[in-house]
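Note that chain A is present in both complexes that follow, paired respectively with chain B and with chain C.
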Partner chain A sequence: MPSIRLQGSDGEIFEVDVELAKQSVTIKAMLEDLVMDDEGDDDPIPLTNVNVAILKKVTQWCTHHKDDPPPPEDDENKEKQTDDITVWDQEFLKVGQRTLFELILAANYLDIEGLLNVTCKTVASMIKEKTEEIHKTFTVESDFTEEEEAQMRKEKLV
Partner chain B sequence: MERKDFETWLDNISVTFLSLTDLQKNETLDHLISLSGAVQLRHLSNNLETLLKRDFLKLLPLELSFYLLKWLDPQTLLTCCLVCKQWNKVISACTEVWQTACKNLGWQIDDSVQDALHWKKVYLKAILRMKQLEDHEAFETSSLIGHSARVYALYYRDGLLCTGSDDLSAKLWDVSTGQCVYGIQTHTCAAVKFDEQKLVTGSFDNTVACWEWSSGARTQHFRGHTGAVFSVDYSDELDILVSGSADFAVKVWALSAGTCLNTLTGYTEWVTKVVLQKCKVKSLLHSPGDYILLSADKYEIKIWPTGR
Partner chain C sequence: MPFLGQDWRSPGWSWIKTEDGWKRCDSCSQELRSENGQYTINHSIILNNGEEEIFSNECEYAAKKRKKEHFGNDTAAHSFYREKWIYVHKESTKERHGYCTLGEAFNRLDFSSAIQDIRRFTYVVKLLQLIAKSQLTSLSGVAQKNYFSILDKIVQKVLDDHQNPRLIKDLLQDLSSTLGILVRGVGKSVLVGNINIWICRLETVLNWQQQLQNLQMTKQVNSGLTLSDLPLHMLNNILYRFSDGWDIVTLGQVTPTLYMLSEDRRLWKKLCQYHFAEKQFCRHLILSEKGHIEWKLMYFTLQKYYPTKEQYGDTLHFCRHCSILFWKDYHLAWLLKDSGHPCTAADPDSCFTPVSPQHFIDLFKF
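Let's turn to the complex of A and B:
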């Protein structure tokens, strides 16, 4: 199995199977550009926005999902669900919140739709489950005054 | 420790750490800090703030935050607006999410309006209205007292309601105050339509009449139907008046001349509604801007091109 080398933001090199790497639309496009240019194919592909630790997690996800069918066309009118995350993905994403957000950023940068969707869904389901505790879960402080909040509640009234 | 072994070790303790209770996690942190030297403490102190930030709305670029918000239902989003000012700002700026919320309620989305706050307000108003309907609080009733017999005809325009009655009169009411502001003597009214200058009435006496508000005088009398006239409509632009009757026919009249231009038949029941409409869509028979005449009896709606 041919592999390519990726260079993370921290300078470290990470080797990964080409087919797996192509799940990332960004890397796939970079590879297609490199093939056109014969020189320097042995240079690692620089990924300035992802560190190697996250890259490894991403690879782990891509390995498990390598035989997934392409995601269905986005039906704008259907309500998006967050409760259809597979058990494997749920376990995989039982990581610290920091890592979760870094995975979102990495999935976006590398353009891996499946990973982006499942990570966003996970955060969304965290918000849904713990709406009462959002301040605690996401360490956000409320800066509304009592009057402001009362006014807003009035608007939201249902 | 070798890099590979280190990583394996880190993965293992991560799994264990996540399985601890909050109390145990705190104890672990305390313990680790107590084991730490000056280098670790300095590292901790320098990075603590960034390490602690988990507010995804601050950490993620706007477009990613919006992408994430799309997975939340409107109710949750409204709750999130109360979290803090920044969250409120971001959530209230996500046009797509509020447009979708309105769309799912059955609203027609006008894509030219991209202001997120507009769609959020539309959504909130719609939800409120739906709740009022459920709670039977959506309508206010008020009674307009003044007629002395059955009121059969109604027409509303610009805050004024015109009522036509069997008591041979038509009255104009200010809807907001409930007061009668004008009235004229007519015939029995089965249908009314008015504008600033005139009132047109369709009557149970089989005729249609046109009245001048200022003098109360009848300016036109359209005779020809052999049954009660249930519906009238007119257009000053085309100078036509149309009437639908219990005699199973629709008549088209010259509004200012009073003459009958055409009688449309083919109805099998009383014609209860006629409408002169300027069309907005293109079809095989007409183009935007053309006038069409719609008419309904018990079983069918007929559409007639007006040919002008």
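Let's turn to the complex of A and C:
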């Protein structure tokens, strides 16, 4: 199995199977642009936006999903579905919030549609049906002042 | 344990009592049969040859010891065969007498493990809600007990993982008003069991509502990324996944960036188009001064008049050929080519239809 080497943002090198790496549209495009000969094999592909820990998680996901059929064309109905996540993916995404957001950013940067879909669905289902607790759930520092917040809560009943 | 078999010709099953009720014990029954077989062979040896008496005593002891080990070893020996399908019939046949009720279906379809699956969770909750509104008294005593124990598991789950709180609050609201009416208005002749059980249940439901009300999200101490660190198109991606307008409004109140994204007209247009039809738009058209359609206002107006779209990750299915209601077991289907029930149709997939919660209730109405 031919493998390629990827260099994470922290400088560490990580080796992965080529076929798996091609699930990432970004890496696939990079490979097509690079001239691959024997000497060129030694140069790792730099991925400045992803650290190696997240890269390992992403590889784990890609390994499990390597035989997945390509997703169907954008189905209008499916866009609003947040609970059709397989059991394996549910377990895989039982990680801290920080890792979850880093996975979203990595999936976005590497352009892996399946992973992006499933992570965004998970975040959407975490936010659903919460009210004021969103501040606390996501430790978002509110940019509004207290008066503005009170005003917005009054106006909520539009 | 009285004889309980599928029809009068079957030999019946072995049952074991557990906290979830009686469970059928499939592997046990097979092993018992084989042990009994050996036992009879030994017995016949004794009959044929009187001198083998000592030998037979030893065999008896060995058989008893094996049985003891078998039943002593709780987890390994007992495999619980949980059938997740039920034959829905409305009239009697030669083999089966009577009809299938909602309560029987409720007990048989194993909702307590279904709620652990995120794809089936909202479906089961919706079913419980419909039952709470009108069908609670049509359930048998065991089914009612089952209903409340599943509800207990659901409430504990929500208190643990903080997901879907509004859904459960709605369910409990419907249930507490139904229970209130039943306890005060209807009287003892309709309710199964002692009236005190029902009062107890009402108190439990009120207690759960209180617990959910007090549900405080723990403040996450997160030194890394937060929601607002995600780029705009990611936040948009997430906003477009909400199917309830209130979720969009709530998220929009968190930061000014999210507020701006949540006011996007296209977002509300997509939401209206998802839930409602064109005809319904025309009847309640709201235009702004410049002549643009006010999609956000229209959404909240239309919601008052028309029901919103229901969509579930996984539902029960009905096989038209076998007249059987079942869960599709994807894992088994992959391993054993089994669709979740013993199907006799030539082309199984063409006979399956998904069953909406209302349809499920209607299947059992006479």
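Keep this in mind: the second predicted complex is superposed on the first by the 126 of 158 C-alpha atoms of A that agree within 3 Å, B and C clash if a C-alpha of one lies under 4 Å from a C-alpha of the other, contacts with A are read in each partner's own complex, and residues count from 1 in each chain.
By our rule, a residue touches a chain if its C-beta (ideal position, glycine included) is under 8 Å from a C-beta of that chain, and two chains touch if they have at least 3 such contacts.
As the structure is a prediction and not an experimental result, all values here were calculated from the model.
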Handout entry: Which partner reaches more residues of chain A (counting touched residues only), chain B or chain C
Key = C
Practice task
Could you tell me if A:Asn108 is touching chain B, chain C, both of them or neither one (first, second, both, neither)?
Solution key: both
Practice task
Go through the superposed model and pick first if A:Asp83 touches only chain B, second if only chain C, both, or neither.
Solution key: second
Exercise for the section: For A:Met30, decide between first (touching chain B), second (touching chain C), both and neither. Expected result: neither
Exercise for the section: Would you sort A:Lys121 into first (chain B), second (chain C), both or neither based on which partner it touches? Expected result: both
Handout entry: First, second, both or neither for A:Gln97, with chain B first and chain C second
Key = both
Practice task
Figure out whether A:Lys130 sits in contact with chain B (first) or chain C (second), or with both, or with neither.
Solution key: second
Problem - chain A positions touched by chain B in one structure and by chain C in the second - result: 76-77, 79-80, 82, 97-98, 101, 104-105, 108, 116, 120-121, 123-124, 127-128, 131, 134-135, 137-144, 149, 152-153, 156, 158
Fill in the blank from the handout: As the complex stands, chain B meets chain A at residues 14, 18, 51-56, 59-60, 64, 67-73, 75-76, 78-88, 100, 103-104, 124, 127-128, 131
Exercise for the section: Name, in rising order, each residue of chain A that touches chain C in their complex. Expected result: 76-77, 79-85, 87, 90, 96-98, 101-102, 104-105, 108, 116, 120-121, 123-131, 133-144, 149, 152-153, 156, 158
Handout entry: Residue numbers on chain A that touch chain B, as the complex places them
Key = 76-77, 79-80, 82, 94-95, 97-98, 101, 104-105, 108, 116, 120-121, 123-124, 127-128, 131, 134-135, 137-144, 149, 152-153, 155-158
Fill in the blank from the handout: The residues of chain C that touch chain A in their complex are 117-119, 121-122, 162-167, 216-231, 234, 237-238, 240-244, 247, 249-251, 253-256, 270, 273-274, 297, 300, 311-314
